[in-house]
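Order as written gives the chain letters A, B, C and D; numbering starts at 1 within each chain.
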Amino acid sequence: VSDDAIYNLALRVGSLLAENGFVVVSGGRGGVMEAVCRGAKMHNSLTLAFLPGFNFDEANDFVDLVIPTGLGYARNAINVLASEVVISISGGYGTLSEIGLALAYNRHVIILSGSGGVSDFAAKWFGDDKKVLVVDSPEKAVEAVKSLLNVDG
Amino acid sequence: VSDDAIYNLALRVGSLLAENGFVVVSGGRGGVMEAVCRGAKMHNSLTLAFLPGFNFDEANDFVDLVIPTGLGYARNAINVLASEVVISISGGYGTLSEIGLALAYNRHVIILSGSGGVSDFAAKWFGDDKKVLVVDSPEKAVEAVKSLLNVDG
Amino acid sequence: VSDDAIYNLALRVGSLLAENGFVVVSGGRGGVMEAVCRGAKMHNSLTLAFLPGFNFDEANDFVDLVIPTGLGYARNAINVLASEVVISISGGYGTLSEIGLALAYNRHVIILSGSGGVSDFAAKWFGDDKKVLVVDSPEKAVEAVKSLLNVDG
Amino acid sequence: VSDDAIYNLALRVGSLLAENGFVVVSGGRGGVMEAVCRGAKMHNSLTLAFLPGFNFDEANDFVDLVIPTGLGYARNAINVLASEVVISISGGYGTLSEIGLALAYNRHVIILSGSGGVSDFAAKWFGDDKKVLVVDSPEKAVEAVKSLLNVDG
């Protein structure tokens, strides 16, 4: 999957979440994190981000509430605790840790299959895990969020 | 200082912050934390709270964005890092740690003298510290925030 | 893989680490964590454990230095940062997060294939990742540690 | 109080703790933290340190077990949770936060009066607080530790 395709998938997830009135939480940096915030701002949803470092200006331009945690990757635990549903899009080792932390903390996890990176591996791995939903489009991801949180369509 | 008087001081601080358009960050529990959130909601400002525990429902009723950190008192470091200015109102050991952490992280600290608890001690202690402003009313506290952040009156 | 078999694999890893003079770091609770500490104490190595909670007495009986972190699963970030090499044995969601965090923090990761749980999945997944070593016995795991840390046999 | 005098007080505290068989926990950096570790190694006690950063080599030369936490000042919460008794020697804002965190976590706190910095202020402040002991020499500080932990002289 190309970087552009991944960025567009994340943009679409953010946009659909915002259209449905959800607050979007992310790690606040570039790539997928930027795309999802940018998408959310297209429909004027609130975006919240937990940075690993100490400075407000490490956030991308589409974050409304920047929270510098100073915790390094331990901030991943807060990313998932702050969220009612966690959506995994592409990603690397940090994303892998967030899938583990989200499940350890009993958060719903949705994996966007076809988005590359760790998410594609995890889609295979967790295919049989009842705590994980594997979907293959941004639309289905956001429908799953609505269903999990009992929000009407 | 009576508990009621402390609650009212905190309510007034929250209300004035909201009236001036500031987002209010707190620890999200009862007492001063509840009062400041309640005050902020009188003028419809956004309230954000970092809980020490794991559950959304540990927050008071006036928090818009509840962030369960699961970090215990280590969450105090995030309370202060997330804030541009920290206002100390009454308080105990946890508040004392937040004053220390805020100063260690180079955040502006305003202490509300006359609010009892740790704040009254700190008001004396930090009277000569250039990084700390001691004020004696909610109005002066919020004026100081505006001045520190270069917001017009 | 049966629980007894997993326990014995972990016990053997701890014992071999201790025999070779390594300090053993773990999460300090039961199961694999207890087994590895118990094994380490057979050869009198130092055992160090980071607990998720606040109380010293949540540790198993084979931990010399108990560190209650009060950080919940965010303590997994400290488990891996404190370690020069991370060995994954069986495990669940928490272990998955530790593999992710260890790799994000550039720690060496050794996965004990055949130990069940998350480790067996990760053994397949990371078979081609240069930052991960997959081994199939406690002996090979500890040989790999020695080799990674340039310790003579 | 001169820097040399403070260093020597901390060295003496570390040395006496070690002589009495205590493990010494500190923040692992320079100044008072180095002095207390150096003192402890004079009598071959174990020294343990929690660093704010990510790298083992940020520790002073007298730390046996270096734990890089990557948590910034939030690591102060672990410093105090890991300790049965906390001794405050001189110090600045970080030390102030540790006094607050230690008391919030119900740890015993001993303040070395006459050591300058935050400790001298806190000695006055906490003179009437039953959870805090104010002492005026390293000898009395370590006697207080033994008494609090019921260790024979």
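The rule is short, and it goes like this: a residue touches a chain if its C-beta (ideal position, glycine included) is under 8 Å from a C-beta of that chain, and two chains touch if they have at least 3 such contacts.
As the structure is a prediction and not an experimental result, all values here were calculated from the model.
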| field | Selected pair, out of C-D, B-D or B-C, that shares over half of its residue contact pairs with A-C | value | B-D
| Which of the two pairs, A-D or B-D, is linked by more C-beta contacts? | B-D
| task | Quick one: report the Å distance separating chain B from chain D, using the average Cα coordinate of each chain. | result | 29
| Centre distance in Å when chain A and chain D are each reduced to the mean of their C-alpha atoms | 41
| In chain D, residues with contacts to at least two other chains | 54, 70-74, 77-78, 105
| Can you list the chain C residues touching chain A in their complex? | 71-74, 76-78, 92-101, 103-105, 121, 125
| message | Help me check something: in the complex, which residues belonging to chain C touch chain B? | response | 54, 70-74
| Contact residues on chain A for chain B in the complex? | 23, 46, 48, 54, 65, 67-71, 77-78, 81-82, 105
